[in-house]
Every structure is written in structure tokens, then in C-alpha cells.
Amino acid sequence: MPIVTVQQFPRSLEHKRELARRITEAFADVYGMPDDSVQVFFNEVDGENWAKGGVMGCDRPQAGRN
Amino acid sequence: MPIVTVQQFPRSLEHKRELARRITEAFADVYGMPDDSVQVFFNEVDGENWAKGGVMGCDRPQAGRN
Amino acid sequence: MPIVTVQQFPRSLEHKRELARRITEAFADVYGMPDDSVQVFFNEVDGENWAKGGVMGCDRPQAGRN
Amino acid sequence: MPIVTVQQFPRSLEHKRELARRITEAFADVYGMPDDSVQVFFNEVDGENWAKGGVMGCDRPQAGRN
Amino acid sequence: MPIVTVQQFPRSLEHKRELARRITEAFADVYGMPDDSVQVFFNEVDGENWAKGGVMGCDRPQAGRN
Amino acid sequence: MPIVTVQQFPRSLEHKRELARRITEAFADVYGMPDDSVQVFFNEVDGENWAKGGVMGCDRPQAGRN
């Protein structure tokens, strides 16, 4: 059943592919469950839809976006 | 209050209209509440943002996408 | 893949059983997918963790809780 | 840690900027925490992906969209 | 329609009451909508169900929990 | 910013500790970001609040719970 939802800045397909593989492997290893039980959703959010410290991501300097 | 969120592959408006109608009807019947108490959100996710078994939807054969 | 999340006040198991059955049936009918593709999560929230109109559910008269 | 997710109709950047500022300020005041602990996500949903009372937002008269 | 979900450490009812009031007021002011359109959900998470930097909250020193 | 939410059956703290460590490490490796940017939330759901195929988890045989 594990449903993993990742809220993040937009990333390349290669990055998401690699992350999904590693996250799924972690569940399979730690819980001893089949890979197919794990679903991963990426919910990508840009700087016009995310704020930290009350400042929108698009208004923050690049270095402050983590 | 019920808030229903549906994570799914993109679907046609007709499909979503029909689902929203039936989901709302189910709540109204089972809980005896007015239809207007029920809100349904569709959160559509494509194959580049979803993985099952560690494999992105866009890399899976069509038949394995459920 | 459909993942359905229901945010609602706490309800009896019988009610959730019936709703899960009907919601799943709606997806199977409308999308023509096998029942087993559909997962339903109930996320129950009590009146100390929900507000409408700026007033916590536990502070609202019973009739205003929908 | 507070993570605030706002599901809403699409709004202008100015509106979201102002809301993020005020929501963050509320947490900082009430909890006495640094602004930077607070993250706000806007998850915008249009009338083809939201229903109330079993009727999709795009099928409702403008006045019934709240 | 705005649905606001707050993921946070457990807090007192008084704190949540005050936050719900201020968050709702912010939406009513900025969007010019009636208070009753706004719902706030608190989803409280303890240190055994949250990690930052790969370390569970319950394993972090108190000062590092924000 | 990555916020990772895991919906799963209740698990031991040791399991969650190990998963949080490995998920965070995956983000740090793949995205080259500091560990502290990553937050993981566990949202545990029991068999009375989850259904697959229209059948509540608590009504399914143990083997069908993945």
C-alpha cells in the first residue's frame, strides 16, 4: 500500500526516475515487500506557488530556495 | 465537510463529471447529508510524475498502468 | 491507480465500508477498470482539528458542522 | 515545521504573495516561531477538477463557486 | 472553496483556534470572500512520524525541531 | 523544499527511522542538496481506514493487504 507523495520544485524525468527507483528499493528492503506495492507521486510546485518565511519562491534569491 | 481528493491519470471532463456525481450521491445516501456538503477534487497525474514498482508510468507498458 | 482520500468527521466502520464499496464501484463503472486498481483512504478529523468560517468545529453548534 | 497547503481556484501572484505573508505572520505570532519555519504551498484547482454538490465548478453559475 | 491543511506538531486547542481565525481572516480580506467559504484542517504529526535531514523528530534535540 | 509524505500501515519506529534515512539520502544524492532540506512525514493508516478493491483492509485476508 505505501503511497509516497513528493512535493518538490520541477525536476527532470531522469531525476524523478532515479528517485522513484531508490525510494521504492528502500521500502522493499526495509519492509520486505514486493516493489509493486509501492507507488510514488511527484507533485511539482514552482516558485509562484510556494513560499518559505512568508516570501514566495519566485521572490527569493536562488540560494534560498531549498 | 467531506473533502474527497482523487489522484488519477488525466481523464475527460465527462468522466470526472460522472464520477463526481456518483461519489457525492454515495455520501448523501450513506451519511444522509445534503449534496452541497461534499466537495470533490481531481488531482491529475501523468506518467512522468507517477511510478509503481519503481518504474515511472511513462516507462511502463500500457497494460501495467493501473 | 486511482487513490481516493476522504477527509471527514469520524464515522462508523459500517459507513466507511459502504462508502468504499460505492466509490470503488463508481470508478469501475465509469473508467472500466478492475476494482483492485482503486484504493480509498479515510482521513478522519475531529472538531478540534477542523474549522469553517474561522470557527473550530468543536465551537460550532451541531447543525453547522457540515 | 508547519507546512500549509492551500487548495483554491487559480489566483494572481499578488494575491498569493499577500496570503503567504499573512499566513506566515499568523504562525510566527501565535507559535512564536521564526518565519523561516513556515512553508506555504498553493495547489490551484480549476473548475474542471473540482465539484461541489456533485456539480463540477465549470458547470456551476459563477455565484456558486465559493 | 479554499481548503487549508496545516501539517504541524501537536498544539493546544487555543493555538489552533487562534490560527484558524487569523488564516480565515486573511482569505476573507485578500480575496473578498465570505468567511464560511474557508475551511482549515489541522493534521498533527508527532516526532515519531516526521523526519528532517533524515533524522526523526524524536531523535533530534528540542532546538532542532522547527 | 522536498516534502515527502508516506501513507502506509502503522510500522515500528525503527522501520520509519531507517526509511527516513534512506529516502533523505536518495534526495541528497540525486539532487545534490543538503539533507536538512528534506522533510519526511509518515501518515499511518490502519485497516479500518483504507480499502482496496472496495474491501476495507480489516476485512481482507492478511495476504491481500499490500
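Letters A, B, C, D, E and F mark the chains in the order given here, with residues in each chain numbered from 1 onward.
As a working rule, contacts are C-beta pairs under 8 Å (C-beta built on N, C-alpha and C of every residue); 3 or more make two chains touch, one makes a residue touch a chain.
In UniProt terms, the chains line up like this: A, B, C, D, E, F = 4-oxalocrotonate tautomerase family protein.
Just so it is clear, the structure is predicted and the values come from calculations on it, not from any experiment.
Asker: Touching chain D and chain F alike: which chains?
Answerer: A, E
Asker: For chain A and chain C, what is the smallest step count along a path of chains that touch one another?
Answerer: Step count on the best path from chain A to chain C: 1.
Asker: State the smallest step count from chain C to chain F, taking one step as a move to a touching chain.
Answerer: So the least number of steps between the two chains is 1.
Asker: Can you work out the whole-Å distance between the CA centroids of chain E and chain F?
Answerer: Result: the chain centres lie 21 Å from each other.
Asker: When the centre of a chain is set as the mean of its C-alpha atoms, what distance in Å lies between chain A and chain F?
Answerer: Roughly 13 Å separates the two chain centres.
Asker: Of all residues in chain A, which are in touch with two or more distinct other chains?
Answerer: Touching at least two other chains: 1, 3, 7, 23, 34, 39, 41, 43, 45, 50, 52.
Asker: Chain pairs that touch, all of them, please.
Answerer: Pairwise, the chains that meet the contact rule are A-B, A-C, A-D, A-F, B-C, B-D, B-E, C-E, C-F, D-E, D-F, E-F.
Asker: Mind pulling up the chain A residues that touch chain B in the complex?
Answerer: Touch list, chain A to chain B: 13, 16-17, 20-21, 23-25, 28, 34-36, 38-44.
Asker: List the residues on chain A that touch chain D in their complex, please.
Answerer: Those in contact with chain D are residues 7, 43, 45, 48-56, 58-59.
Asker: Going by the contact rule set out above, which residues of chain C touch chain B in the complex?
Answerer: 1-9, 11, 15, 18-19, 22-23, 26-27, 29-31, 33-34, 37, 45, 50, 52, 57, 65-66
Asker: So in the complex, the part of chain B that touches chain E is made up of which residues?
Answerer: Residue positions touching the partner: 1, 3, 39, 41.
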